[in-house]
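Structures are listed in the sections that come next.
What follows is a pair of complexes built around subunit A, which joins subunit B in one and subunit C in the other.
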Partner chain A sequence: MTMTQEEKEKDVSRNACKLCTPFGACLAFKGVTGSMTLLHGSQGCATYIRRYMISHFREPIDIASSNFTEDTAIFGGQKNFGTAVENVIRQYSPALIGIATTCLSETIGDDIKMLVHMFKKDTEVENLPEIVHVSTPSYNGTHSDGYYSTIRAISDTLVEKTGFCTDNVNVFPGMVSPADLRYLREIISSFNDNYVFFPDYADTLDGPSWDEYRPIPEGGEKIENIRSAGDSAGTIELFSCLDDKNSAGKLLEDKFGVANYRIGMPIGIRKTDAFIDALERITGSHAPAWLSAERGRLVDSYIDAHKYIFGKKAVVFGDEDMVVGITSLLSEIGITTVAAVSGGKSGKLESEIKRNNDASCDKAMIMDNSDFEDMAEAIEKLKPDLLIGNSKGYMLARKLKIPLVRTGFPVHDRFGGARIQHVGYRGTQQLFDRIVNAIIEKRQKDGDWGYTYM
Partner chain B sequence: MDGILEKRKKQIHRTDEAKFDMECGKASLAGSVSQRACVFCGSRVVLYPITDALHLIHGPIGCASYTWDIRGATSSGRQLHRMSFCTDLTEKEVIYGGEKKLYKSLCTLIDKYKPAAAFVYATCIVGIIGDDMEAVCRKVEKEKGIRVLPVMSEGFKGTKKDGYKAACDAISELVGTGDTSGISKHSINILGDFNIAGETDIIRSYYERMGVEVVATITGDGRIDDICKAHGATLNVVQCSGSMTHLAKEMQAKYGIPYVRVSYVGIEDTSAALYDVAEKLGSEEIMEKTRELVAAEVAKIYPELLEIKKDLEGKRAAVYTGGAFKAFSLVRSLRTIGMIAAVVGSQTGNKEDYEQLRELCDPGTILVDDTNPVELSKFMQEQNIDIFIGGVKERPLAFKLGAGFCDHNHERKIPLGGFEGMVAFAKEVHASVMSPVWQFARKNKG
Partner chain C sequence: MSEKKEIDPKAALDEILSKYPPKVARKRAKQMVINEVGENEQVPQITANVRTVPGIITMRGCCYAGCKGVVLGPTRDIINITHGPIGCAYYSWLTRRNQTKPKSEEDDQFMTYAFSTDMEDSEIIFGGEKKLAQAIQEAYDIFQPKAISVFSTCPVGLIGDDIHQVCKSMKEKLGINVFGFSCEGYKGVSQSAGHHIANNQLFKHVIGNNEDKPEGKYKFNLLGEYNIGGDAFVIEELLERCGITLISTFSGNSTITSMEMAHHADLNGVMCHRSINYVAEMIEQKYGVPWIKTNFIGPESTSKSLRKIAQFFGDQELIDKVEQVIAEEMDKLIPVRDAIRERCLGKTAMLFVGGSRAHHYQELFNSIGMNTLAAGYEFAHRDDYEGRKVLPSIKVDADSRNIEELEVEPDPVLYNPRKSPEEMEKLAAAGVPFKEYQGMMPDMKNETLVIDDANEWETEKLIEIYKPDIYCAGIKEKYGIQKHGIPCKQLHSYDYGGPYAGYEGAINFFKEIDRLVNANIWRHVKAPWMKDTSPTLEATYNA
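The block that comes next holds the complex of A and B.
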């Protein structure tokens, strides 16, 4: 059942390897302190996105909706919009309301800028929260694009330049786990006490048990901090599969002259080195000893494990930026990427993979704008040893009887999705150990002797 | 801040209030974080378990991604329903129309997967760009020789209930088109059980032991051929009345098939369901077998339930369901194991449902229609809840506030219907309420 690329482009998606644009907005808004998201559209969008996130993060996730009805769709969303914003303020007292559109409100042509303006003019609510609007029609792009556009929209709305130049750094992380974000903050703060780091949903999406109810969980980057990003000495974007028009780093560069370093997701030694280099360059500080020690231990473990994994064949799939990061890791540990697959369609997947890697990726099938059935059909003859990607690859792994190393988002069939680590030396170490052990475990299980030393 | 919006106050009552007039069945308030979904969701969940059909979602990708393999509805045959197909509309189609893409998608998929029929779901955007989905379906139906049914489920055109109705409309297009020869007069259709974790299989086996022929299961473990001949059955047995009563009524009007409303949740309601069916079919032999079955099944599970009850006596639960009918059963099931339902609500209950709940529940119970997280957390703390029984969206809220949780919605992997389901339910509740982990949480708990 092989479907040609042309057929697929034109016809149909079968088990998509992507989510819709508003999803990315909802995730990004979780990374700002006191922020609450309002989706302007039908009720189902908010409910579905909540459910999808909850099954991964296992945290309360409140996303409000302007709850379109048939009348709203015909006469426009203005009335619902005002009521919705007021009700969100009443129930949540947010510091920031993030408003993301949906395919419905975009198609009927609601002008959110105007609606926000009218609302501010007409409302009797005092001390209004910040209102950030991002356009996320789901027929345009994927959740990754929604995520990047939201970082850009937040920056565009909030960031100012006071004229006061600092050696601060702005870091925009990609869609990684709360545990990754916590670790990234630890790294950045070891270079400079002052920095801007968002979206940081480390605590809002992986928080402690509560003594009392809180409408908005604690955590996220502070709005005041975000405002100061225009004074920083440089921005680091930890993703690279995006268009400049979606890039907050580019925006800050153009608007305020803050140099932008687009590093990509720092998975593996080389890409983490690049991240650390950029931090050193921007802040003028040197990496702390503990970070170098982590790097040293990672190199040591690469050597210890190299023979177990050399020449193994992996299929990597998921969000484009994570796929790029993981293929880079694989190429430095001797695992061959035979296919790299994503539902993303930034147009950058192939060039980014090639830019990061040596010849070991030359033969890889690189498939963007693809779904799980395209992937299943394409890898039939490749006989991979393992799959590396989100939990939606499980059915395929089960069919092929090979291990699936769960990474990224979503992980709906295992516990601790929020605590999986991928980035930096420490995150790479975790990921590396899991990959090596998946291979060892398979060998142990399939062997007829049952070796107890492997 | 007491957390309850002024306009929501008429949707919240207590069983001991003198004046009780629940406002319900209305659209959710803009800006509230309703636990409800949309029209599309209603249609999608109802039709989802039809295992040999192609389910194609016409719209941008989100609606398909979020509903891929969403229900734990198992199949004894094909598993085509587990695939997520979507026309994945892009800006180009939004501007120029998506009919061409829909046509090609349908043809490609039907050729490739040879489904017994196809359902095409309309999403929000289809209603706006004005695609004539019905015409495309008719055309493909003619060309491919299988039924291709449009499901008019644009998300904004009402509530989840309207989605149920759109699903029923699509199903009733199929009913009446199959050959009914050879069907016994002691026969039924099972409506409104969705085979979550194999529950339809359990229920079907009860009826078979009673000597009753099951013609079609709609939609749990559903087959297109069976649905086509569903009009050959003598009786429709309707669970989840919110979703399936519409179809039952239509079949009554069209084919003269009477229906009974039942529930398979809990010992009382499961027994009542089986006795009801036996009585309606009017066979003493079936009634005799039903008595035997109920006696045997209850005897099998009762000792274990009593054992569990010892630990759970007096514990307090919050119940939040989609339809209200399941809430009745859950209140009774909780009583069976000694527990009190202190908060009870539903997404789509009607006035009569809430009146009935008022009579059923203990004094002081909070009843609520179409609630939201802010309210739920308030009720849970006020009523000192030990466990929340609801869907995945409520789970993290319960856990954060130090209460247990039992998933009684469509994602669960444990059958909670029928007699064995009652034991599974009791065990689930017991496991969550009695866990030692709570000693580290809920500092404010009394």
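The block that comes next holds the complex of A and C.
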């Protein structure tokens, strides 16, 4: 049962379940060491994206803008572009400047390649940083597309082939939390000391207090590492709802012959197993004992909690890749996904859910390119027991008087969005415990007896 | 912490400017002044409302944010459709913590919705007017609202969609009020352009639409109050206790119906001068309703504002009632304030926010003995800094000239000056001046810094040089400031707090500031083993 927006012939979006393309670019650029983002367009875009990211991560996030005004919009952004890049270099001394275009400069049709070329030719600045451009008009795609295109643009600009083959692995994580990224690095490094892992915003978006001012927070994958991705033995993409033309893994495969393993977001046992299997195959190393132990504990807890959750009905919403991952987990633990909803429009949501699930998802309403009101109308008769998704689902959860298990982005009505875990055995364990406890809590709260022993 | 060595403000500014290229430094130097209040509240000239230098991380937002987010955001019964790709609607989806209280459950409340035309490639190429018309129709079919408004985002202006024509034809078709705002993000230099555009369209399409005269003895509008954290509820309650009838608020806890009746009030009080003075001026020109500057942030200002309103109406009954309310409230406030004052005395604050808030909140700090070292606005104009007396000398640049100035004539039927020129002169002499705002700088001490459109770099330097005990800004600045061990109070959205208006709000604010500036967490920033910097240990590390 799939419903797309075309069929519904809807023209007004009511409470979107997606963000704009440049947002994804800003997030991805935070995952490279010494990187600074410049949005080419109106200053409002930088301000809005900053304030929105900050409300979730609660960290300082600087994004520069080329501050278009009305005459820039008429005459083009070349002058502002040069001034902006120079000022960013002067203030931040970045190792890399990520340039993402907004609706405004895209509609005008500023030729960024040419602007970068002109800037490099004319500038008196020495030791120029790397400049990576990604095209992100927000009338084309969602924040997920912006995120994937940026990984691809970084790879396209930086990665070189030295002719020297290694057993290194490249891993491109999806849009997960800093805590997830920290754990993924831990997993990957237990297979091989040498690997390429980005975007890694674990530390840039979840860091300690400072002794002194840091124009760019520490953390992120090093540019030198990224350069070497063409020599790796394989790439793992931890997302799958994307077009090949946005895929960095596909790019490295085509350009350098690095085999691409598109695994999807490793949530639940099977998808994490697939991730570990790919790591083993690429690196030739075996999974460490601690990982097996984590897996063991997770399976054990599935068995123990079965009595609380079996047969419950959930609605899952958010970014397509996370929705696919969570539905896969639900099918492992006996919760029926009655609806899987996303504002994404990769066209892959249904096939990816089917591919990663058993028959328990067959009756689920799968709705891509949808907003929160579509979701509210669709699930009216489904009587779900819980919602799983971001803070924007709270209104609906409140109306339906059912719990909302917060996942993904944005989480701005709870503390610790940066530390919510979703992926791998350990992250699944955290998520699983939260799902189970949400159901227990609801039962305890609604019950007549006030039992403390559930 | 309160013992501070003397800092030379000139040296501080020089240090900040030294990092800029000469051209940027020259421009910024004009936007950073050392305050000096002379006779007749004369203050140094500051440059404001000019473009931000590209690549400098500004606190400012865009025209759309000022129009849709600020001015129209808090009105609950109008459907606001953002015409453009999805981002702009998403980011302005109730992020300002505006609160509202519908009178009953049946009343329309659309503030929890974010409507957008979610433009795609094809509309950018072939135009989005058709989709916009359908979106308006759809919103009407689903919700049957009293009014629908449309906000243009950047690409709309470029592709040339005529939103006003679409609104006009949909208004005729649906029989409800439909109107648009050409508030593309690239217009003007900050949110300020959006405020002006919002004011113009509200004046053209909303104010004066309702001819039913409301009941009430002392009819008053509050302009430029946005009900962040429940401020409007506090002010509404205060006015009600005094017996003052609030006809409309622009736009905290407001409805479009109340705005339509605004011209029936006899006095307008302007709270955020920057964002709403245009409406106040235009209502006076068309309907003869005069305006005074009011401010309900801080106990002194609240009392002063209530007294001014009472004096305007000049009725002894009202004057007595106002005095009674003030006395009751101050009785509750004084013990709390005095206790907190003991703990906060001599501490220092910086405020960089808004177009009025950086001014208004200084009084709250003064009340508990704290000094403001530096302050500035994000999007204000010179008159907000130096006072309206400088209005004739403000040069209008190209960016401001692009924003329409409405020509307003007195209404042939409804123009009714509430006071004669003689009465107004008399009131002005008695401390109720009309059309006057003296600006922020005359209220600040000499040698304090006033900085317009302060940016990330300047914020960092100010903190480093002055080490204030608290810094007030918004969420974008908050976490960078707190990385330095200095608490940040958000004065846009109040963090999760508020209300801070009136007397009750002042008590909340005092308690909050006490909690922030006297917190103990900062002493734990360094782990015990990191504090030991004995040479032996360092040598071991380096080995």
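Quick notes on this structure:
Methods note: the second predicted complex is superposed on the first by the 444 of 454 C-alpha atoms of A that agree within 3 Å, B and C clash if a C-alpha of one lies under 4 Å from a C-alpha of the other, contacts with A are read in each partner's own complex, and residues count from 1 in each chain.
We adopt the following convention: contacts are C-beta pairs under 8 Å (C-beta built on N, C-alpha and C of every residue); 3 or more make two chains touch, one makes a residue touch a chain.
Because the structure is predicted, anything quoted here is derived from the model rather than measured.
With subunit A as the common reference for superposition, the partners subunit B and subunit C occupy clashing space. Of the two partner chains placed by superposition, subunit B and subunit C are both touched by A:52. By the touch criterion stated above, A:150 is placed in contact with neither subunit B nor subunit C. Touch criterion not met for A:346: it reaches neither subunit B nor subunit C.
Of the two partner chains placed by superposition, A:168 touches none, neither subunit B nor subunit C.
Applying the stated contact rule after C-alpha superposition, one finds that A:192 touches neither subunit B nor subunit C.
Contact with subunit B, but none with subunit C, is seen for A:93 once the two complexes are overlaid on the shared chain. Comparing which residues of subunit A touch subunit B with which touch subunit C, the overlap comprises 10-16, 18-23, 38, 41-52, 54-55, 58-70, 72-73, 80-81, 83-88, 90-91, 102-104, 107-108, 137-140, 142, 209-210, 213, 343, 373, 395. Taken together, the subunit C residues at the contact with subunit A in this complex read 19-21, 24, 51-65, 81, 84-93, 95, 112-121, 123-124, 131, 134-139, 153-155, 157-159, 184-189, 398-399, 402, 456-457, 460, 464, 474-480, 482-485, 525. Residues of subunit A that touch subunit B in their complex: 1, 3, 7, 10-16, 18-23, 38, 41-52, 54-55, 57-70, 72-73, 80-81, 83-88, 90-93, 102-104, 107-108, 137-140, 142, 207, 209-213, 215, 343, 373, 392, 395. On the side of subunit A, the complex with subunit C involves touching residues 10-16, 18-23, 38, 41-52, 54-55, 58-73, 80-81, 83-88, 90-91, 102-104, 106-108, 137-140, 142, 209-210, 213-214, 343, 373, 395.
Of all residues in subunit B, those touching subunit A in their complex are 1, 3, 5, 27-41, 56, 59-68, 82-91, 93-94, 101, 104-105, 108-109, 112, 123-125, 127-129, 155-158, 372-374, 377-378, 381, 392-393, 395-397, 399-402, 411, 440-444.
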